[in-house]
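For clarity, chains are labelled A, B and C in written order, and residue numbers in each chain start from 1.
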């Protein structure tokens, strides 16, 4: 069982408030991603759950039991560190076995579990190697192996893929998700990469400056962002924001339209603009358009559009895909 | 990691080291200050009396003190000059692709690890002996008269011995610093059209400025108290020619048994060292932040 | 310009470096050679370089003399003892400064270093008198104690830097894996710190072995280590040069070997981190 609840969790380092009151309910078995810009507090929140930092206020409940006074060694959680933090003087086998050794399991059982974990992660041929003899991807799998072998209540991941190259990252993304589904263990995953967040999560927690901006499924965040911040954070390229008279005409202080929801025509009765730059990827075309009083807009077209800098275009937003925000930045929902 | 429990533990663990060093610093220093205000001669026990600053006055106006001060400055300055000026090209040389580099390094570093008393005696008896020393023999080969080092140029002899001992230190530090110089900086200079000399002057030398300063400061601190080499070779003489401040204080304390005067001298040495230490601690402190 | 290292450059560098190295090492070499000569040969003029009657009689004589062994033992006890005791005091101190630092930690460390910068001659008088009055002159205990205090700042400093280099997250991983503080220390911290501990031990052993101020002033015969023993040969009779060379070679040989392994530690330990 790995149900985790945060109640009014606060964390300050001296006069600096990093976490300003977080409330969260994480269901057992779900894959939750903490995402947000640098310095938003996502790693701090993870470390508070792990017990590596003490809370300044609030409660953290694991399966209903408050653990704020329980040291990390006794919380029954596993963590995969960004740098993997493997024990350099122990072999892969030793690294994976360490937690079981600390738990006092008999040697035979430890071996059995270690070998099972190694098999799952394709680490069996490396069991007797030292970490310095392994590649980045292999080390990362050892770190994961070390975490899963203890059958914890939940996995905590601290940006585990950021040190890998792009191709490996995509591959590991799938593996981690698959593994989690297979094991059914709760997972909390910290990343600054919203693509990772969107593809891996059951639910996403968007953090900004120590506050939880929104907590919902990826699609919820995409289709119904709760405020300007979430709307601008989720989705790449970023949502187009328009304010002023144009926004008022559509019924909000600010309105937002995603680049993929702006249709492009050479002539039309939409917003008129001039292409300032065009990026042709073959699969997509991104246009950066100077639309005068409306502002600078980005559009995304699936497929190839034969347009270049200097061309005149007309942009029309899909009416159901216009997001309206009030003066405080919150979304206005009909 | 810093929970309240571990902080208390941490403070307890620090206590022995801090307490010991504190006592080590304070007690002798306090006693030195106390003694420096007394007229106290070990050969004349019971005659101690308070004389205030008279010892300082006596010590500082004693021509022996002035001579020792001069000798100290000459010794420290010369050794610094020799070790740094030879150390830089030596470090540059060792930074090159030399075959058998490790063995050469061993040879260059060895003098630092030789006991000062052994170094002194080897130089005095085997090399510098005016009759059967090696230098004497080399001189006669060239038809010149051998130098009677410890009679005619005693301070120079001591300077040579001490420089030989400290050259490896300077070289090693500078070599370490050289090897931390980013290869890419030199490549960028090359792309910008710089020749070898220019690269050295504008990139290498400024990079070495800090380590050179450190070498100078640290060597100064240890060179101010050169003792064993003088003790073993010249005993401070002939006359006062190789007496530095450290030896003068020693002579006053354990040869003349004039505790009061020696204490006053000791404090003077401490003050001088403190001035140098101040600058060194500043540099170390800055590095600690990084 | 070719990126290859030219043979010419390698040749010039090699010749230059070997020449410089040979010149610098020469006095030691000369001493070792002298140790294999007879006394007559040792101060003969012109001196012989390689073609002389090689003999090991000096080494035999030196090792037979019980006083040499006695002083060598003193060196081992004093250098070893002072270093081990210093380590025992310094390890907890450095551990606490590295892993539980406070605002004061940096100042504390700098203060400790500054005690090493104090000229020993500044406190020669009181130390000598205290030692005299407490009967500690010419005792192994006395010497060990003073050398321990002398090297303590460097030991603390070096251990601090080594402890600081241990990545914090590996220790946190151990905690997440269920290790209590004690087990974290035993299974993770100590094995990772062992190379640093060894290096610190080595360098300070060397520094203590070679210490030639307190040993010269606070001991004469009983507790005198090799530094003092060799110094007693400083009287101008040339008759003992070959034996002196043999004794000296024996005295410095182990340190030269250890010193070879301590180069990097030398930089770390004696520049107090001012040079990286």
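The rule is short, and it goes like this: contacts are C-beta pairs under 8 Å (C-beta built on N, C-alpha and C of every residue); 3 or more make two chains touch, one makes a residue touch a chain.
Everything quoted here is computed from the prediction, not taken from an experiment.
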Per-chain Cα centre nearest the global Cα centre, belonging to chain: C
Chain pair, most C-beta pairs within the contact cut-off: B-C
Centroid spacing, where centroids are CA-atom means, of subunit A and subunit C in whole angstrom: 54
Rounded Å distance between subunit B and subunit C, as computed from the means of their C-alpha atoms: 16
Gap in Å, rounded to a whole number, between the CA centres of subunit B and subunit A: 58
Per-residue multi-chain contacts in subunit A, two or more chains: none
Complex interface listing, subunit C residues touching subunit A: 167, 169-170, 172-180, 183, 187-188, 191-192
Subunit B residues touching subunit C - in the complex, by the definition given at the top: 1-2, 6-7, 9-11, 13-14, 16-18, 20-21, 24-25, 27-29, 31-32, 35, 90, 93-94, 96-101, 103-127, 129, 131-132, 134, 136-137, 164, 167-169, 172-173, 176-177, 180, 190, 210-211, 214, 218, 221, 224-225, 227-228, 231-233, 245-246, 249-250, 253-254, 259, 262-263, 266-267, 269-270, 273-274, 276-277, 280-281, 283-285, 287-289
For the subunit A and subunit C complex, residues of the former touching the latter: 50-52, 71-74, 77-79, 81-83, 85-89, 98-99, 102-103, 146, 150
Contact footprint of subunit B on subunit C as seen in their complex: 1, 5, 9-10, 13-14, 16-18, 20-22, 24-25, 27-28, 30-31, 34, 43-47, 89-90, 92-93, 95-97, 99-100, 102, 106, 108-110, 112-115, 117-130, 149, 152-153, 156, 168, 171, 181, 206, 209-210, 212-213, 216-217, 226-228, 230-231, 233-234, 238, 241, 244-245, 248, 251-252, 255-256, 258-260, 263-264, 266-267, 270-276
